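In what follows, subunit A forms one complex with subunit B and a second complex with subunit C.
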Partner chain A sequence: MNAQVRPRTELLLELADDELILGWRNSEWTGIAPFLEEDVAFSSIAQNEIGHARALYDLAAEELGTDADALAFDRKPEEYRCAPLVQLQLVPDWARTIARHVLYEAADAIRIERLKEHEDAEIAGIAAKIEREEVYHRLHAEMWLERLRGEDRYTAAVDELWPYALGVLAPELRPALAEQVGREQVDAVERSAPGPEFAELWEEMTMVRRSAPVGAQW
Partner chain B sequence: MIWEVFRQERKGQPFVHGGSFHAPDQAFADAYAREFYARRQESVALWVVPREAITAIEEFPDEFDLKYRRVDGYSIKARLKEARERAGTAAD
Partner chain C sequence: MKAQLTEAAVWEALAEIPDPEIPVISLVDLGVVKSVAVEAERVRIEFTPTFMGCPALDVMRARMEDAVTALGGEPDVDVLLDDSWSTDKITPAGREKLREAGFAPPAPQAQGSTTLLQLQSAVHRCPYCGSTETRLDNIFGPTPCRSVRYCTSCRQPFEQFKTI
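Entry: the complex of A and B
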């Protein structure tokens, strides 16, 4: 892929990669979530995230002259721009999974709110659409937060993931997240070339796509 | 805690029982109801009710066989014919 991607595309791919990879990670709970109802609900939320990723890839694809599937599955692992927070493999630790869910939704809300004001009408429009679904993801995250708040395992998980959560946002948006979550701003775990944990996810995620002949229709 | 969900498919239609599930409180129940019964736009409204809030009435004794209270079993055809003859009007 062209190394000289325009900032708009860069922004879209960052967002799309976050949503795709978080959706993928959360879907790893399908079938083994703590109880049946949560299994269905959490899987459904994971699918929503992947739906958001698709809409964002579609926008980026128009500019890059490709399509959403190619952006999602045909790039090399080092070309993904997702934040380290969403890459972490947290199954079978539900406390850390919920901590990530709560922190990511908080960060995403700040980011989406900002994007709704974006000068690019297409980006603003898609942000508004995403926001209408994210409202329910936040409600889901908050109801779990209410249940787990104050539990040692949950608190430890938030401590661990907090620097990662800051890394989801651009530096100028981080103070808002610190205020929202009620924590001091610390050194963020920044976006960088994905590590071995991501490479493993990528192997699995792109396996079917890579095994199919070019141009296969689904 | 068990919750019962009633769903409405289109505005103005009656709510129909959709199913039930476990959830620890109203917030969880609302979230699950939304994901189970409305995520594909198959409902326009949901009623989410704790099963405990529903009163089930299941016994209706009829010890004296009061058949005359029922609306079935009467044939009004013959009586209608008689009445029409008396009134001098023919059947349609």
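Entry: the complex of A and C
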């Protein structure tokens, strides 16, 4: 991996990293969500997001001459390109978790809609396939938004995470998100080399891969 | 060996492979085999995955390769990561088998995106008692492809295939 990757690869890795890391964060609720239905929902959403990441890594891997697992687990922490929003460790705060869920799904919907029109047929195809599953994530987020809208803790969480949500999208797509969410556009928390919160996640996420040689069979 | 290696023979073999998670339905009934092409020994199968995070996909692929090998062919399974699979690709026979096994089959794909209201108000027949007095209990279920519904007539929770 180096800084010379093509824009197409860059785009695929950004998308894949967002989905992998959000999937990982969502899976941290498995077993400890506030009630059983949410345990199932968050685990299932996590599984979908990680599935999307795998397909996106597969496409990037073809260009880079590697494989999806290598891209997901063999890079150094500073090489990941995920947005700061997905890196935040929010367990056990349910209000902030739902705020991130609602904001991420809104941003992701705008991004996918744009990618479905992409001139690269493979990217457009994968975006359309991802969209079929994302519909259900949005419906789930919508259900929670109806429940928590106007609650103090939820509002405070959205206030806090709003600049992060803008940072998920390329600058030209941010006005659409501001309109969708009904908020003023502010300075976004931009993608940059991941911080200490991510390093901790990376340690755990890559532990098995680092402890066993590539190609190990169980 | 080669005498057996026709496209029809390959389709027939694939129709014998059960879905790894819902074995009442075959891969052909599930609609994931988009095409089969035989050129001499080489058998190219276009495979369209269902849900992208479904762990059964690798198993399906391996079993298709085994089936082709058993016919004396060289398998070349091409995984298509495009938008060609939807739940509308499940065959009528496949839908019936799902129902008999206690899964409500997916509703047909509607125009435009599904809304929460549609999901909650859609009529799904209970696969156990046939009542339409059922409600959505959880959008998500035990696998990515299923939702959980509850029948208020026979008080039985049941699983329903998501429409995607």
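As a convention for this text, the second predicted complex is superposed on the first by the 215 of 218 C-alpha atoms of A that agree within 3 Å, B and C clash if a C-alpha of one lies under 4 Å from a C-alpha of the other, contacts with A are read in each partner's own complex, and residues count from 1 in each chain.
Methods note: contacts are C-beta pairs under 8 Å (C-beta built on N, C-alpha and C of every residue); 3 or more make two chains touch, one makes a residue touch a chain.
These figures come from a predicted structure and were not determined experimentally.
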{"item": "Fit or clash - subunit C, subunit B, common subunit A", "value": "clash"}
{"item": "Partner chain in contact with A:216 - subunit B first, subunit C second, else both or neither", "value": "neither"}
{"item": "When both partners are placed on the shared chain, which of subunit B and subunit C touches more of subunit A", "value": "C"}
{"item": "Which superposed partner A:207 touches (first subunit B, second subunit C, both, neither)", "value": "neither"}
{"item": "Which of subunit B and subunit C A:58 touches, first, second, both or neither", "value": "second"}
{"item": "Subunit B versus subunit C as contact partner of A:125, first or second or both or neither", "value": "second"}
{"item": "Which of subunit B and subunit C A:147 touches, first, second, both or neither", "value": "first"}
{"item": "First, second, both or neither for A:44, with subunit B first and subunit C second", "value": "both"}
{"item": "Which of subunit B and subunit C A:135 touches, first, second, both or neither", "value": "second"}
{"item": "First (subunit B), second (subunit C), both or neither touched by A:35", "value": "first"}
{"item": "Shared subunit A contacts, counted only where both subunit B and subunit C touch the same residue", "value": "37, 40-41, 44-45, 136, 139-140, 143"}
{"item": "Contact footprint of subunit C on subunit A as seen in their complex", "value": "37, 40-41, 43-45, 47-52, 54-55, 58-59, 121-122, 125-126, 128-130, 132-133, 135-136, 139-140, 142-143"}
{"item": "Interface residues, subunit B side, partner subunit A - complex", "value": "21-25, 27-28, 30-32, 34-36, 39"}
{"item": "Subunit A contact footprint on subunit C (complex, rising order)", "value": "51-54, 81-83, 85-86, 113-116, 119, 137-144, 148, 162, 164"}
{"item": "Of all residues in subunit A, those that touch subunit B in their complex", "value": "35-38, 40-41, 44-45, 136, 139-140, 143, 146-147"}
